[in-house]
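My questions will all concern the structure given below.
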Amino acid sequence: MGPGEGATPEQNIVAFELGKAIAQEGWVTLTGGRSFGVMDAAMKGACDANGLTIGILPTETTKGASENAQIRIVTGMNSGRNYMAVLSSDVVVVLGMAAGTASEVALAIKANKKIILLNQDDVTVRFFKNIGTYKILVANNIDETISHIKEYLSVNRN
Amino acid sequence: MGPGEGATPEQNIVAFELGKAIAQEGWVTLTGGRSFGVMDAAMKGACDANGLTIGILPTETTKGASENAQIRIVTGMNSGRNYMAVLSSDVVVVLGMAAGTASEVALAIKANKKIILLNQDDVTVRFFKNIGTYKILVANNIDETISHIKEYLSVNRN
Amino acid sequence: MGPGEGATPEQNIVAFELGKAIAQEGWVTLTGGRSFGVMDAAMKGACDANGLTIGILPTETTKGASENAQIRIVTGMNSGRNYMAVLSSDVVVVLGMAAGTASEVALAIKANKKIILLNQDDVTVRFFKNIGTYKILVANNIDETISHIKEYLSVNRN
Amino acid sequence: MGPGEGATPEQNIVAFELGKAIAQEGWVTLTGGRSFGVMDAAMKGACDANGLTIGILPTETTKGASENAQIRIVTGMNSGRNYMAVLSSDVVVVLGMAAGTASEVALAIKANKKIILLNQDDVTVRFFKNIGTYKILVANNIDETISHIKEYLSVNRN
């Protein structure tokens, strides 16, 4: 999860590498599905490594979907779809920050998901640790992110 | 789309064969995702033919999901998920009838989807043709259903 | 509940009188909230008799809301809001028929609501009685509608 | 908006006074509608001052609704209802903090609402100002909150 239009070029590069790493582990990359920002970059990376991608779209049709979203779930719910994106994830990785992204972190805490804050600043980490406690993990690079997920799945694989 | 708990054994058999036929065409089978009724049977048929299956779940977790739902979208929206199941489909095939199913047909008409009423009685066909006109097609067996879909996709493939 | 743009002038007149009658009983009129069709007419009638009106809007803002919707619930969910309109009602009165309206009747059956089909044709009544059985009542005018509601509330008032 | 079960006694007292102050201005108090926490206390205060209250419920029925929620919107969407609570508000006042509350602030920023953070700590204010900039106002008591709302409505009254 991460910003759409507001994503920086650096975040998009990390998102691409993250999607690639997720796919190389054999995991599915699920995002908000649109054709820009962290969503698009992560799915592009996943496709690049022959991974499966799912986009949970805010729109009423597939118009505006990323071409890297192989499976397109059309919700017609605008930002209400953030809730579904989070519920449908096993682990939520957060890269970059914006209003929609913050709502996803908060809803993920509420839904008892494990959340990995990747490359986030101190204020963001402190805020979410205040409300999410043990559900919030911190990572400073992709290797740490993948390690966190592996450790979590080794205990919680269903 | 079709009944859950209220599905007849005959409907479940047809659903299984329908899922199989859909998978054999290389298409994706999307249902309400639960572990019983037409949803489960159709996804079981699709899995049997090595097809991809998606379940759009009404629940807040994957509890109660069919083991034949390979991809599980967790909406937390109860029957509100019917709208998303329909929006995420290219063609809606309807087998059996119940309140939830009827809401899906109606929402599919509203969303300008092509709908195939499979093995439906005269009252049902007349009712939905009154409100759905040309969007409503009728099929009396799986071959006719697949033909309708092929014809539709040959014109509307995106 | 009833058609928006597709409502006939006759349906709008009945909707106005229905809203008026509902308000005269001291009940609240809840509709889809938009500025046309049966929704708008029913709320206008209710306002005319100093009743309270609630509009459950499909949009992300109040733009397009009827000026007769005193309370405006903004869902941002498009037709997904039909589910909430039904869940928030004690009794669902249906006047005119269209795809959105049909989805509301079906979702109301699913949610165990009492439904009154007002001035509906034979096919519509038979279709919904098939799936809704005892939950479906039929009325041929406003007096019968109000009587049905009174009888229902005398038993189910919470 | 504020915590449910996790609300402190102090927050509930302020929420009661806030609801009272909102009602005394002739405004409507809209909350998540449940029978505990900040939601319940704010609506109780509003009722105490003869104000109108609306509860946007997460449940499929009115079970669990606060008796102080005069109008009960039943969404059946669980935490997905947070989005609708925010969209249906003119101004969002935030008292106390929890995962659900944080999702509401974030969704309110996304929806371009004016947000007043009441009695919030420094980390919370800094986090939301980072993503919400000018949309975020800060208040340290009820008088400041009411002043912010008045000022906002004087410019934005529709």
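A, B, C and D label the chains in the order they appear, each numbered from 1.
Here, a contact is a pair of C-beta atoms (placed from the backbone, for glycine too) under 8 Å apart; a residue touches a chain by one contact, two chains touch by 3 or more.
For clarity, every value in this text was computed on a predicted model and none was experimentally measured.
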item	value
Angle of rotation relating chain A to chain D [CA atoms, steps of 5 degrees]	180
Type of chain A:chain B copy interface by residue overlap (half), same or different	same
Option reproducing the contacts of C-D, where over half of them reappear, out of A-D, B-D or A-B	A-B
Centre-to-centre distance between chain C and chain B (centres being mean Cα positions), rounded to whole Å	28
Separation of chain A from chain C, taking each centre as the mean of its C-alpha atoms, in whole Å	40
Chain C: positions in contact with at least two other chains	60, 75-80, 83-84, 111
In the complex, chain A residues that touch chain D	77-80, 82-84, 97-103, 105-107, 109-111, 123-124, 126-127, 130-132
Interfacial residue positions of chain D with respect to chain C in the complex	28, 54, 56, 60-62, 71-77, 83-84, 87-88, 111, 158
Chain A contact footprint on chain C (complex, rising order)	60, 75-80
